[in-house]
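Common to both upcoming complexes is subunit A, partnered first by subunit B, then by subunit C.
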Partner chain A sequence: MLAVSDLKIHYRTLAGAVKALDGVSFSVADGEIMGLAGESGCGKSTLGKALIRLEERMQYVGGQVTLDDKVLPIADDKAMNPYRFSEVSIVPQYAMSALNPTRRIGRMIDELLEARGLKGATLRPELERRLAILGLTPDVLGMYPIELSGGMKQRVVMVLSTLLDPSLLIADEVTSALDVASQKKVAGALVEFRDRGYVKSMIVVTHDLAILAQVADSIMIMYAGKLAEKAPTRTIVDAPAHPYTRLLLGSLPEVGIRFEEKRLPGIKGRPPSLLSPPTGCRFRDRCPLAFDKCAEEPPFIEIAPDHQVACWKADTHAQG
Partner chain B sequence: MLRYLARKLFIYLLTFIVAVTIDWAIPRFMPGNPVDALVSRIALMPDANAALTSYFMAAFNLDQPLWQQYLNFWWALLNGDLGRSIMLFPTPVTTLIGRALPYTLGLLLPSILLSWYVGNVVGALAARRKLLDNSVLPLGYLLTATPYMWLGILLAWVLGSTLGWFPLAFGYDQSVKAEWSWLFFGSLVYHWVLPFASLFMVALGGWAIGMRNMIIYELESDYANYLMALGAPHRLVRKYAFRNAMLPQITGLALQLGAVVGGALVTEIVFSYPGLGWLVLSGIQNQDYFVIQGVFLFIIVGVLLANLIVDVVYVIVDPRTRVGLQGDAA
Partner chain C sequence: MLKVENVSKVFRSGAFGGKKKRVIHDVDFEVKPGEVVSLIGESGSGKTTVGRMILRLTSVSEGRITFDGEDVSALKGASLKGYYRRVQGVFQDPFSSFNPIFKVGRVFRTIRREFLSDLDQATWEERLTGALNAVGLEVAALDKFPHQMSGGQLQRLLIARALVLDIRLLVADEIISMLDASTRIDVLNLLGDLKRQGLSIIFVTHDLALGNYISDRIIILQKGVIVEMGATDRVFGDPQHPYTRSLLDAVPHLHERWSEEELKDLGLVADTARFGGHLIEHRENHLVRVYS
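Then we have the complex of A and B:
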């Protein structure tokens, strides 16, 4: 079980600190696949990365991350090392280029395992078994990454990242660069790995709500470095409470509608700059429901069991 | 693989033919005539001069039409005959080259290989240490922008002339007998230091900068990020980065060879070092067609051979080229 409380991560830039994560609190239960969605720059990838490895320009400002009752030392790169791969793991956005191009894949995996104090040979049968689950033969271990297709590399990375049965897996935009057929396969693999117990819980970071509807148990929506709404997938799809979630869902094309006749609405305006974010609700300027109280920041509160929203109007129009 | 090598060899052969042709043509396009110079040195009576000139022209086959000379040249070349020197008549050019070659190789091989190795190591270290980086980078740019002979002159002036630590000229002390003795060997090394240092330092800067940039690029690459996200120790990531950063440096070595050889020639001239550079200079001054041709031929063959070796090494160290050759990317 993952619990994050009041996590703040800033990016150091010449212009000042970009507050990419500005006080984020949520939890992911064992066995839960949580989708994390939002538009570009909302902080979703930053959140995913912060849970495993801060990049050099990312600065830990505050907050706490607890995984299975242990506090993760996310601000300390060295102290975090023992948790990586074995407790927290990641399938990165760039899975296609995540393997060293000049090493045979099997050898690279062995060298990585040995560097972590494990024996490559003892894990080899399990590795081959899991590759087979995703439809890959053991031959791929004798190949160089260039000999594999993009989808194959993606699957190899998925198997490698989950090899040590981590408690938490962060899947960062894993379907973004794939065609629809491969997307479906990868999405299926995520669920399968959870069902087989290779991964306890999962955060699937994406901007693709359609994929989340297929795989996620719950969906968390972020906006401008803050959480907007978290709820079980059905609730998000059928009865979203935050106006941003509704507009986001409303911008998706639907089957059977010809968009020559009806334009997709989209959301007018742009998210605020995170260099000096406005006070109060950050969605205020683009929100059709905004009123005076929105100058005050709405708390992220539970309006129904497992359904949290940060909006002053949430409870009044939740079921509407 | 074999087809790739065969294709490469064919290209090298073509390059060789073109280069040798140019090599043959250039001395002949120079104004003047080597025999005139030779005859004027012997300087007999005016009427004897005319007889001598026609005798030498015939002896060197310079009275034949150009196309005939060209064919003669190839024929002799294939028989391993580079002709006889005109300025040091009748010494064969091969003997002259054989005498000069050890000096040039003794300068070139250590300076190319050592500067490449040391430059790569220094560059790789600089990529990770701010302090070192701040000193290596400007110094590297300064060194790599320095012309070979200018640095040579500077070294000769400061370390040779002003401080008197090192000799200014020649391959060994002229008072020492050339024989297999420690004295002679010591004198050789003593005279070797300055020309070697100037070649080494200029080449060093470029390698260090190249390696530093490549390492920084590799350490920011996706595979390095992924490995670190999986908690791989820095040692492993650096090992991969270093190896992958070496690949462009190997290609760079092949590209740089020609420039370094050129640098060695002028450096030898600065230090009156009795290698190929010095030989070719006196060849040019005396319009000695055969010496010029012979020396350049050696350089052409040397550079082509070195490039071929690098080509083969590259196929061995970079799997991506190999996969491309087999053409079976899945």
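Then we have the complex of A and C:
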């Protein structure tokens, strides 16, 4: 189980610190797939990366991350090393480019395992078995990345990332660059691996709420470096309480909705700059429900079991 | 207006161009004024290549493309310029269409120099303001650098750039795939408004929901072959070709969750491609490929 409390990560820039994660607390239970969604720049990818490796310009400011009762030393690059791959693993945004183009896939995987002090040969049968589960034949190990389609590469990287049965897997926009058919296969693969216990819990970072509605047990919505709402998937989709979640869902075209018949509204404006974020509710400027009280920052509180929202009006209209 | 007549595209590769690969097979369709036609397919289906042939960014190997009866491949010099006054494209990555060291207004100055140098300043400014207003931007936006604007704003600027030319056809190639859900819909609604004013649009996408939202007609491409085409409600409401059906089944819906079998079904959609056969009229305004 993963528990994150009051995590703060800033980016160092010439203009000052960009507060990409500004005090984020949540937990993911064993066997849970948590979806993490929001607009670009909301901090969702930063959160995913922070749990495994801080980039050079990312700065740990505060907070604690616990995985299976052990505190993850996320601020210490060296101390994190034993946890990476074996306890926490990631499928990066462009998994396609994570593969070395000059190596056959099998050899690349062997080299990678050797670097970790493991024998490629002993893990080979398991590797082939898992590839088969995702519909890939052992032949792919003898191929170069260029010979595989984007969806196949994505699945290869998934098998590789989870080979040591990590406790937590972060899947960062793994379906975004794929077309519908491959997207569905990768989505199915995520659920399959969780069901088989190869990964205990997962954070699926994406801007595609429709995919999350298919695979996630719970969905967490972020806005401008803060949490806006977290609830079981059905609640988020059918009865969202935060105005931002509602607008986000309302702007999704679905097969069956036509411009001629129903013009979908967008969300006016842009998210605020995180160099000097506004005080109070950060969604205030774009929110149709904003009132005086929104000048104070709304707490992220539970309005129903497992349903947390940061909005002053959430209570009233969740019931009404 | 635009007719794509039995067009094929053959790419050559290898040291002396000895290997041939046919990526578009006998594609045939028409776009009428004020019509939005979606070209839908997976990666490698040839949808982008069709768009690029219409924009003359790549040559046509067989067949021909005509605009108002004129063969597009034969255009040169002034007549080609005339064609680009009427037909323009906008592409997937808005950031790659702008030079990051110059302000965004530069693309408009280039357009004026190349195409509209005969306009006097007042008429030009009027036109520019009109085009910017049509996409919901202020003239002040021209004084910004690309990094100061969002992807959606840049994409709208590029549409405005096409609009100052009085275009009649816009080829929009995956123009919203890189945008956020919240800004996506703004750009889509803008295309819808422009269509109402008589602009024809070829909307290239792999996203069936977006194609469905905006288009009058849908063309489904599989490995360079049209497998099904017709009015949007017919193709999506009553899909006939197994490929169209499998694509529609793979679209995730918000309020309807796939069953466990559906989700874990690894049925390899793309491998069902079959060449040959011919398009027949299933019913009015709905063509389906059948194999005898």
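Everything below uses one rule, namely that the second predicted complex is superposed on the first by the 315 of 320 C-alpha atoms of A that agree within 3 Å, B and C clash if a C-alpha of one lies under 4 Å from a C-alpha of the other, contacts with A are read in each partner's own complex, and residues count from 1 in each chain.
Rule of thumb we're sticking to: contacts are C-beta pairs under 8 Å (C-beta built on N, C-alpha and C of every residue); 3 or more make two chains touch, one makes a residue touch a chain.
None of the values given here were measured: they were computed from a predicted structure.
Enquirer: Comparing subunit C with subunit B, which touches more residues belonging to subunit A?
Expert: After superposition, C is the partner touching more of subunit A.
Enquirer: Tell me which partner A:I52 touches in the superposition: subunit B (first), subunit C (second), both or neither.
Expert: first
Enquirer: Go through the superposed model and pick first if A:Y144 touches only subunit B, second if only subunit C, both, or neither.
Expert: first
Enquirer: Examine A:I90 and indicate which partner it touches, taking first as subunit B and second as subunit C; both and neither are also allowed.
Expert: In the superposition, A:I90 contacts subunit B only.
Enquirer: Who does A:N100 touch here: subunit B (first), subunit C (second), both, or neither?
Expert: After superposing on A, A:N100 lies in contact with subunit B but is clear of subunit C.
Enquirer: Which partner does A:P278 contact after superposing on A: first (subunit B), second (subunit C), both, neither?
Expert: After superposing on A, A:P278 lies clear of both subunit B and subunit C.
Enquirer: Once the structures are superposed on A, label A:L247 by its partner contacts, choosing first (subunit B), second (subunit C), both or neither.
Expert: A:L247: touches subunit C, not subunit B.
Enquirer: Return first, second, both or neither, reflecting whether A:H207 touches subunit B, subunit C, both chains, or no partner chain.
Expert: Only subunit C; A:H207 stays clear of subunit B.
Enquirer: Going by the contact rule set out at the top, does A:S161 touch subunit B (first), subunit C (second), both, or neither?
Expert: It touches subunit B, and subunit C stays clear.
Enquirer: Of the residues on subunit A, which ones does subunit B touch that subunit C also touches?
Expert: In the superposed arrangement, which is not itself an observed complex, subunit A uses residues 149 for both subunit B and subunit C.
Enquirer: Write out the stretch or stretches of subunit A touching subunit C in their complex.
Expert: Checking each residue of subunit A against subunit C gives 39-40, 134-135, 149-150, 179-185, 187-188, 191-192, 207-211, 213-215, 237-238, 247-249, 251-260, 263-267, 270.
Enquirer: Write out the stretch or stretches of subunit C touching subunit A in their complex.
Expert: So the residues of subunit C in touch with subunit A come to 42-44, 150-151, 180-186, 188-189, 192, 206-210, 212-214, 232, 236, 246-248, 250-255, 257-258, 260, 263-266, 268-270.
Enquirer: Flag every residue of subunit B that touches subunit A in the complex, lowest number first.
Expert: The contact residues of subunit B facing subunit A are 221-223, 225-233, 235-236, 240, 243-244, 247, 317-320, 323, 328-330.
Enquirer: So in the complex, the part of subunit A that touches subunit B is made up of which residues?
Expert: 52-53, 80-86, 89-90, 92, 94, 97-104, 111-112, 115-116, 143-144, 146-149, 152, 157, 160-161
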